[in-house]
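After the structure tokens below, expect a handful of questions from me.
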Amino acid sequence: MFKPLDRNGIAARIAQDIPEGWFVNLGIGIPTTVSDFVPTEREVIFHAENGVIGIGPAPAPGSENPYLVNAGVQHITLRTGGAYVHHADSFAIARGGHLDLCVLGAFEVSETGDIANWARAADEPVKQVGGAMDLAVGAQRLWVAMEHNTKGRGESRIRRVCSYPLTAKGVVKRVYTDLAVLDVTPTGFVVRDMVPGLTFDALQERTEAKLLPAG
Amino acid sequence: MFKPLDRNGIAARIAQDIPEGWFVNLGIGIPTTVSDFVPTEREVIFHAENGVIGIGPAPAPGSENPYLVNAGVQHITLRTGGAYVHHADSFAIARGGHLDLCVLGAFEVSETGDIANWARAADEPVKQVGGAMDLAVGAQRLWVAMEHNTKGRGESRIRRVCSYPLTAKGVVKRVYTDLAVLDVTPTGFVVRDMVPGLTFDALQERTEAKLLPAG
Amino acid sequence: MIDKFVSTRAEALAGIENGATVLLAGFGAGTPEHLVAGLIAQGAKDLTLVCNAGGRDDGPIADLLATERVRKLVCSFVRPASVAARLFTAGKLELEIVPQGTLAERIRAGGAGVQGFYTPTAADTLLAEGRETRVIGGRLCLLEYPIVGDVALIDAWQADRWGNLTHRDSARNFNPIMAMAAKLAIVQTAHVVKLGDIPPEHVHTAGVFVQRVLHVPV
Amino acid sequence: MIDKFVSTRAEALAGIENGATVLLAGFGAGTPEHLVAGLIAQGAKDLTLVCNAGGRDDGPIADLLATERVRKLVCSFVRPASVAARLFTAGKLELEIVPQGTLAERIRAGGAGVQGFYTPTAADTLLAEGRETRVIGGRLCLLEYPIVGDVALIDAWQADRWGNLTHRDSARNFNPIMAMAAKLAIVQTAHVVKLGDIPPEHVHTAGVFVQRVLHVPV
């Protein structure tokens, strides 16, 4: 038997893999919480699209600074050594290849590294693009954090081809789910890690795309 | 009889026409000295391409700040209310239409407002473009300060068509020479002002382009 | 003496015409709310509004949209539960959705005189359908055009009489670039300071980009 | 602990390869002269040098060019009386002359991930001959491509261990944008400060753009 990771578990698993010195943008949802699991003494510098460099721990209740929010409009703090820039400079960071890593949530990821995370249908009346397309094409590495399967029907989010409208093509390097860590390689998804108790075959059963064993 | 203006005279004449509140870039040569003739109490804000906003009077000898130069790499001062920006932001000012006025020197100006101020021949081995092309197309108004005729052969710099390589086409609004002030209009050069004692006919004689009287 | 301060909100917003393109800064912080209220009072209609997001059910953007004087909204996302989404669904609002970085870059381009640019962002997505693309250095890129505002509504922490501004913390966001990109940048500032009180190396938005400043104490 | 400081000039310049594109900041002030001397000592050749101007008969740029290890110079002007002009005339140096604002914008584009842009600057001049133009909004524009450096040599007034920088007065010039546009930005700083000594709203070049910092006291 195995136990899927909860959302914090996924975030903590991602945090393990971020080395000191990286410059990282965390998307809304699971990714936002990744920074909670990076110890402060390991200096990782977190960026927010709205021009914040060096996000610190969440403020203590009652001590929020109304002038300081992240890209999800949550109150944050700035750590010593941080800086503010305007929106165009902030996206120059994201689009100019200056992020070592961006972690985004997604609906689906394909075996060629396509990501779909902004719309569930091409004809959705209103669109929620935000900065995801900029981050997806601009970062040196894109990792995705999401549940392996959809909540209701248990469909695989790890796919040969994405069924939802794309955010960007061929950009995802790694996917962290509640079940496994998958690398996107030229030959497809390679299973890098699984939750304890899960077998390769059981994971493949829950996955639409073909999986390859590591090594 | 008439007396041509000297270089300071041209600069002083230009200074008369710059109203308070304008944001102005002054090119190298005669234009640089225009600011000397604008009284400090008339607040005109001078910009330099290297990111200086609000150039003040020249520093007293011995009190130069080595970190503060203008686009001609002369030591300058900054007036109260000035600011520094980087080179791309500085040219965003120039190219984005934020200068009320730019004053450049030139070899020639044509009756359609073309300016030639960077090369005397298309095949000159080395080129001295600098920021003139950016300023010429970007400023709200381009005025030119130059001698009316060439020094040696006395040829007219005020021309039907420029003979030198262009800096930009159709951008000059007014020319200040040692003899006259000429507006560039849809019908050609209109004489707005002349030095005392000079007649329209005597000016036309020294000018290759056809001149039109004001009014 | 240059003095960009105006005394009243009506004076600050005077002259905005029907059909104007209005750039509205702010991202969680740094929204010039008093000026938005002033724009509603001023009454201009048939507006194109450019801002990061389409707002919620309340707040300054929702209030402005609810007047139905905005013809078109240009932004990076619209929440399904919002005044913007309901107006769009009812056919009362045009929407142009722009990736947030492209939006910021288009606004900067408007301020910097860049007439168009190529970006890989969104080039292989639905947002590129029917639009001009070009492969540069092996990457598919989308051609984007600058955004220029007739008016920008700007928030500042400090302002002097030349219009030099500082912005506090992350309230900076779109404020400097929207001021650059508009013919008429109108500022609400929390603090008025003397000329020279903002050191020249610490000016965030230079006065050259600012036309009017209204003191709105916090 | 992130610490971008290096102890020696040789360490600062280590690893620059033959054929590298080197962005060199400075405009009358703000030239990292000690690093240029270090580049000469380091010995990389076949370089492409990008800087505002081609220098004179002496000074850091002339010294570097005189080594004849620069294959191509990209700049906005070259004085007739200069090492650069003589090398060019002798066929020992390629020249690409770029209007100064276009040069700054191309460098910023390199740092910002913009893959190309249209500008009216130089569109109707000799510099546009044989190149791609396009009419946008009734204006003839020239297509320009970004400049990306393998290395940037940067001057700073203050630096902390994360590589956050300030630049003094007009010594700022090309420094922030060249740091952005290079894979390896090497800084000489007049002053070393503790992390946090530069207030977050007063950082001129953020550490994200900086890889190595050498203390060169003035």
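For the reader, a short list of remarks on this structure follows.
Chains here go by letter, A, B, C and D, matching the order in which they are written, and residues are numbered from 1 within each.
Going forward, contacts are C-beta pairs under 8 Å (C-beta built on N, C-alpha and C of every residue); 3 or more make two chains touch, one makes a residue touch a chain.
Everything quoted here is computed from the prediction, not taken from an experiment.
Remark: among chain pairs A-D and B-D, B-D carries the greater number of C-beta contacts. Separation between the centroids of chain A and chain D, computed from CA atoms only, is 34 Å. Each chain gets a centre from the mean of its Cα atoms; for chain A and chain C, those two points are 29 Å apart. One finds 32 Å separating the Cα centroids of chain C and chain D. Touching two or more other chains at once are residues 105, 108, 112-114, 119-120, 167-169, 172, 200-201, 204 of chain D.
Looking at chain B, one finds that residues 78, 84-85, 88, 91, 94-95, 138 touch two or more other chains. Taken as a graph of touching chains, this assembly fits none of the simple shapes: it is neither a line, a ring, a star nor a complete graph. Remark: the chains found to touch one another pair up as A-C, A-D, B-C, B-D, C-D. Chain B makes touch with chain C in their complex at residues 20-21, 23, 43, 45, 47, 53-54, 78, 80-85, 88, 91-98, 138. Interface of chain A with chain C (complex): residues 48-52, 65-70, 73, 78, 84-88, 90-91, 94-95, 119, 122, 125-135, 137-138, 165-169. The touching residues of chain D, counted against chain B in their complex, run 27-30, 52-54, 76-80, 84-85, 88-89, 95, 97-102, 104-105, 107-108, 119-127, 157, 167-177, 204. Chain contact summary for the complex, chain C toward chain D: residues 105, 109, 112-120, 134, 136-137, 139, 141, 145, 166-169, 172, 200-202, 204.
Note for the complex: chain D touches chain A at residues 1-2, 108, 110-114, 160-162, 164, 180, 195-196, 198, 200-201, 203, 206-209.
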